[in-house]
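The structures come next, written out as structure tokens.
Shared chain: subunit A. Partners: subunit B in the first complex, subunit C in the second.
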Partner chain A sequence: MENIADYIREGRKDDWRLELRKSMKAKERTSLERVQMPEQDAVERSHNSIEVNLGIAEQMAVAESLRCLDCAQPTCTTGCPVGINIPKFIKKIEAGDFLGAAATIKETNALPAVCGRVCPQEKQCELSCFYTDKLNLPPIAIGHLERFAADYERNSGKMAIPNVAESNGKKVAVVGSGPSGLAAAGDLAKLGYDVTVFEALHEIGGVLKYGIPEFRLPNDIVDVEIENMRRMGVKFHTDFIVGKTASFELLREQGFRAFFVGSGAGLPRFMNIPGENFNGIFSSNEYLTRVNLMKAAHEDYDTPVLSGKNVAVIGGGNTAMDSVRTAKRLGADRAMIIYRRSLEEMPARKEEVHHAMAEGIEFMNLHNPVEYFADASGRVNKMRAQKMELGEPDASGRRRPIIIEGSEFDIDVDTVVVAVGVSPNPIVPSSLKDLKMSEWGTIIVNKENMQSSIPDIFAGGDIVRGGATVILAMGDGRQAAAGIHNYIQQKVKAS
Partner chain B sequence: MADLSTKYLGLTLRNPIVVGSSGLTNSVNEIVEFDKNGAGAVVLKSIFEEQIILEAEHKLKKAEANGMMYSEHSETLDYIDVHVRGEELGNYLHLIQELKGKISMPVIASINAISSHEWTSFAKRIQDAGADAIELNIFVMPFDLNKACTDNQQMYYDILKKVKSQVTIPVSVKISPYFSNLAKVIKNLEAYGADGLVLFNRFSSPDIDIDKITVKHSDILSHASDIANTLRWVAIMAKHVKMSLAASTGVHDGEAVVKLLLAGASVTQVASALYKHGPNYILEMTKFVNDWMEQKGFNYVDQFRGKLSQDTTENPDVYERMQFMKYFSDIK
Partner chain C sequence: MNKIIEMEFFSENVAKIVLEAPDIANSRKAGHFVIIRLDEKGERIPLTIADGDKDKGTITIVVQKVGASSAKLLACKVGDHILDVVGPLGHATKIENYGTVLCAGGGVGVAPLMPIVKSLKEAGNRIITVLAGRSKDLIIMEEDMRRYSDEIVIMTDDGSYGKQGLVTAGMEEIIRREKVDKAVIIGPAIMMKFGSLTTKKYNIPTEVSLNTIMVDGTGMCGACRVSIGGKTKFVCVDGPEFNAFDVDWDQMMMRMGAYKTEEHTAYEKYLNTVQENA
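And then the complex of A and B:
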């Protein structure tokens, strides 16, 4: 952390920063109002898959950047898992150097346009902002500004390709092309490695593509980042399951000296209640993957998804919000969230809940499904739900949902999406006998360098954490890249 | 050699000594040992809803300690109790499936149902996994100040009805003695379809440590003297119900088995004695029963089963009072 603190302090005394600070009194800055993210009209957007948040314009970005006090001891940075130099990039925006702002973010974050859209800033950097912490005022809109800088750079046609060291010819494999894999691949490419990313699906991007709908994170935003990596020399191999298509042993024989496993948590979990196997009941993974990646919503594609008029989504996390909003966009008359705790306990981002409500999503909080019923063809047609109340807090500090006896009633449904969590992908672990696993099915790693019990295998993201934010997964990927670099260097020295 | 076989829940058991639901009946290896030592049947350890909640709490705490909670609660941890239950139930079904090929005695699964719909529907999966019968361990303690006794009783009937509607294998009900009219409740349970009744549940009781001034658990294991209430109610009910009766609590030796068979039980359930003496104690118990039968000239169990049960009088109270007067007034 000391290094990050030094990195953050660095440049604060530069003349341009000093001048900016002097140009406006702190009181004036704190009296400014936080910028509001423009959104697509709620009714209109609930029928299309265009991005909901429209992004802030240059003037708005500069106005927001004026609010930042450029604190001597910035607390916002402590809330960022990858240690972005937040005050510096915001002051670059204030100075009108938008490309410089983007470059500052990219010093530690390979996917700023993604993080600016999907990071839970309200629980990370913005939660630790001086405004939140000490002034009890709305925090600086760090997420909006990050997105602005990244979008500005992309639209400027002057997208910088990070400097890449001269090739050292050493091959490293990255298993999975989600956020941790991309972050690892990017850093390893910068260090001169010959990096190949193996992706099981037919598209690159992992959860960024299959899990997050386009109305929250357009695929072309991810594609631009992937294209950048290609230009840095990273190779991508799709439809390739490491552990099945080829074993680790075979890849070793082909010259791969180390592996980064970022295969994610793509194994869906269900509730194990009667009738859960009826047609029309999906895991959120399947539902979102079919729509996001397999174009199930397009009539001319041969992989459609059962699109119902009465859709119930079980769960209260971001995946549940993504699923229910997707259902609405696919034409559901009634798209419902069935969640067993109250609105307050929902793990989803407040912004997503707010967006969903505006789009006409029905929230049935303090309800839980107990059984499903089907018609003669086996298609679900009814869900039996029971009402809940909140009891004593559990170990997470949230009040535990308790069944209200005799409160069962039936709801007509023709599609159900179960979004109650995922398990780590078991394919890599099951193909490596000596790999040490936790009771959660995650890979156990040394937290310093992300090295597993098998020396040439490093891992990060959901396969290590069970379930993480994009930015945490990226942090793991970067840490593992450093670990792999160190490991290969030591091996070279030893030989 | 006498024939010790007995009928319980329509199943034929090689003898009336059943390993009761306990921590001893939770693993394949231990159960195989009981089978080798000649137990008549085994009742698997119950899955308690409270245990699942505790396990989920433990996992949440561990997740927090290992930095798995992050700044937001992940969806998996949000439903950790559901997932823990799914895993526990999965393990339970796996235990049944695994046992079926390894032991010759019948396997009776045990569901500790409090109320919930999900638990009763689990019965069907137990049947599909290959269990020979289900013991419903219903556990409604009379603590609720707002509930009338009929409300509590109705919960027993509702749970039983739901389970019976899910399965075709026999279902027994294990109950506590805490009913204001136990005899009527037992009759009603039979009317609602119970194939057998287990008398009684043994609860963990609180005690107070006067040195440390704290609440503690009293003895977890039963004592031989605890048999009295079981013996009384088996004797009272044996002739009033057609369903099989299993005697539980205080069955510590072969002599207790004989007494309970004489009172009218079809089988006896043993747990504490096996904790104390190990699986081969079953051999000792069966030997005692066999020797007693030979000594008394009985060739098979039904020759003496229920011989000392209450006769067909309509009012069990009379039997109780008679026993009392006989003891204290030396009435012949």
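And then the complex of A and C:
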């Protein structure tokens, strides 16, 4: 990844870029207002599963692209884990070459329509944008523009696939089809490898399918990006658990020369408080999987879900927001966030918190559940909560929540979703005796090339990080793909 | 897509299904289970593997009609395809030479018990098997079991076959008669609860295989969680077999009833569609 800077610089001196830069004064550009993402009406959307953000129109995208100064030393790109050539794709939009913009993004990002929707741009590219950094103005809406380019291309019927090198016939296995696995598969396919992605579930996409709800990321959009990867030659094998359905050893015998493990953080955490196993209390993974993957809310699908009128969601991350907004859409009268710190410390994206508030979600910040009670059938009917206050900052830099003694009170609930984090899934690691693991159950890798203690096994995403974002997982996948490429080339040279 | 190669009805509501699943047939061991999804709209159901054939690339499952999904499965014909079959899941049974092992199976629990009995026999154990059911037509796989058991006792609630009485009566008779070193009990939760209360009285180490509600079966959702020795465990990745004396049976039974109303409605709906199409 050392030549990212060269990759970004390259092309800045092309005539069309020079002309665009000359066409408008920097002062004029910086005086333009940032585009606002149109949204579905809050009341209406809290009763349907249609996407909340509606996307920006062509003229809005072009207007926004004018704000970008095409900096000589762009800083936005340093905030992108997959190294998108941000200035180039934005200037392509300014030039009206929307398909070209999409193609530029796809040079380094296998899932542009996904990232344009779910990346926390405010913490990445947009945080390091010149506008944020130096001008103290709202950053270029890089995320909205990325989504625009990807959506434009998809709707144009002219989906292009990136250049794929001639097949080298070498087989590589990708374990898990979430964001890190798909990113790794995309890059390896581009390099000419014969890539097979193995997925345990019956659908490709991992957390993009079972976790993130339709109203934030429609499944159809994920499917289009996966179809694109199929066209690049990537093979997908669902219902296949590497380490269970077939061992790593067996796959080696079948000719797989290296593995990328992106099996995710699929092991929900509970709080281990009394009554937590009553019916109607779910992990966020279960609740969201029933609704998103198994389509429990659809009359004609067989999987049920218990979702009642008084729903409490424990936690303050994006998954908590997804769960509580899902509960509202499934008909909850009261859908509450119970979070032990204050709004300021909340790890969820600001946009999600803002959307949730507009939809009528109640935020009970500085509260923590201590016990659950149930009716005679075992269905939860009450949550005992205690109030918290903030003390000194802890190791995470956030102010530590402290219990206010004697502050307990009961809240009526019939459904509880526990969204307090996940641990790494144990299936792959437990099938490999020699794999070095951390005490938290994550796979230990060399950060440079994502190689594990077993030379032909590379890993990335939540199985290494223990719980992060789609884009960081994708960055890992790309880095591992480069690591795998090096590893196989060296092996070939040595033999 | 997994083709149904063979179907054999033990009774109106219980059938053995042999499925094409070469990878699973190759890697499965006693105690493993699979998750199946019949069609696009189907739910994911966990089923313990009853048998397998590496050469033919098949696995065997036994299904009892308890609701809409199992009824749909039993309505399949040889040659039909099951959309998704994934596995083998869970930990395999720990097989050792314990000495004399008492194996008790109730209802369709006899199916998952079958490969365990076989493996234990191959490991040199003396096997005494108790098969139990409400009535004669609910006693299944007797012939297969007989092949790997040194002795077999059959118990029916109504006395229509074997001896009349509950599984616990049959177990206790054997325990009083001779030294039993280990017990394995698989069946409905209530049967495992009382079966293990019996073996506990005599301090016989006892394993049970739990069949809780699951969604993914890979540790991801926690629907299958049970309290084992006061700690929450996931049946799919920590089990499905546990020390019987550590299981909080009442909590497990409560959790298994979580969707009672929904299951009932779904079954009614299924019966209506079947009638309409008939």
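In this section, the second predicted complex is superposed on the first by the 493 of 495 C-alpha atoms of A that agree within 3 Å, B and C clash if a C-alpha of one lies under 4 Å from a C-alpha of the other, contacts with A are read in each partner's own complex, and residues count from 1 in each chain.
Here is the rule we go by: a contact is a pair of C-beta atoms (placed from the backbone, for glycine too) under 8 Å apart; a residue touches a chain by one contact, two chains touch by 3 or more.
Note that this is a predicted model, so its numbers are computed, not measured.
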| item | value |
| --- | --- |
| Fit or clash - subunit C, subunit B, common subunit A | fit |
| Which of subunit B and subunit C A:S396 touches, first, second, both or neither | first |
| Touching partner for A:E276 - first (subunit B), second (subunit C), both, neither | second |
| Subunit B versus subunit C as contact partner of A:E166, first or second or both or neither | neither |
| First (subunit B), second (subunit C), both or neither touched by A:A468 | first |
| Partner chain(s) touched by A:G317 [first = subunit B, second = subunit C, both, neither] | first |
| Subunit B versus subunit C as contact partner of A:A419, first or second or both or neither | first |
| Distance in angstrom between the closest Cα atoms of subunit C and subunit B, superposition on A | 6 |
| Subunit A residues contacted in one complex by subunit B, in the other by subunit C | 270, 272 |
| Of all residues in subunit C, those that touch subunit A in their complex | 23-24, 26-27, 37, 41-44, 68-69, 83-89, 215-216, 218-223, 225-227, 232, 234, 237, 251, 254-255, 257-259, 262-263, 266 |
| List of subunit B residues in touch with subunit A within their complex | 53, 56-58, 60-61, 63-64, 68-79, 82-83, 85-86, 89-90, 115-118, 121, 124 |
| Subunit A residues within the subunit C interface of the complex | 200-202, 210, 238-241, 244-247, 250, 266-268, 270, 272, 276-280, 282-283, 285-286, 289-290, 294-295, 300-304, 306, 377-379, 425-427 |
| Subunit B-touching residues of subunit A, taken from the complex the two chains share | 79, 120, 123-124, 127, 265, 269-274, 315-320, 347, 349, 370-371, 384, 386, 394-396, 398, 400, 403, 405, 408, 419-423, 440, 465-469, 472 |
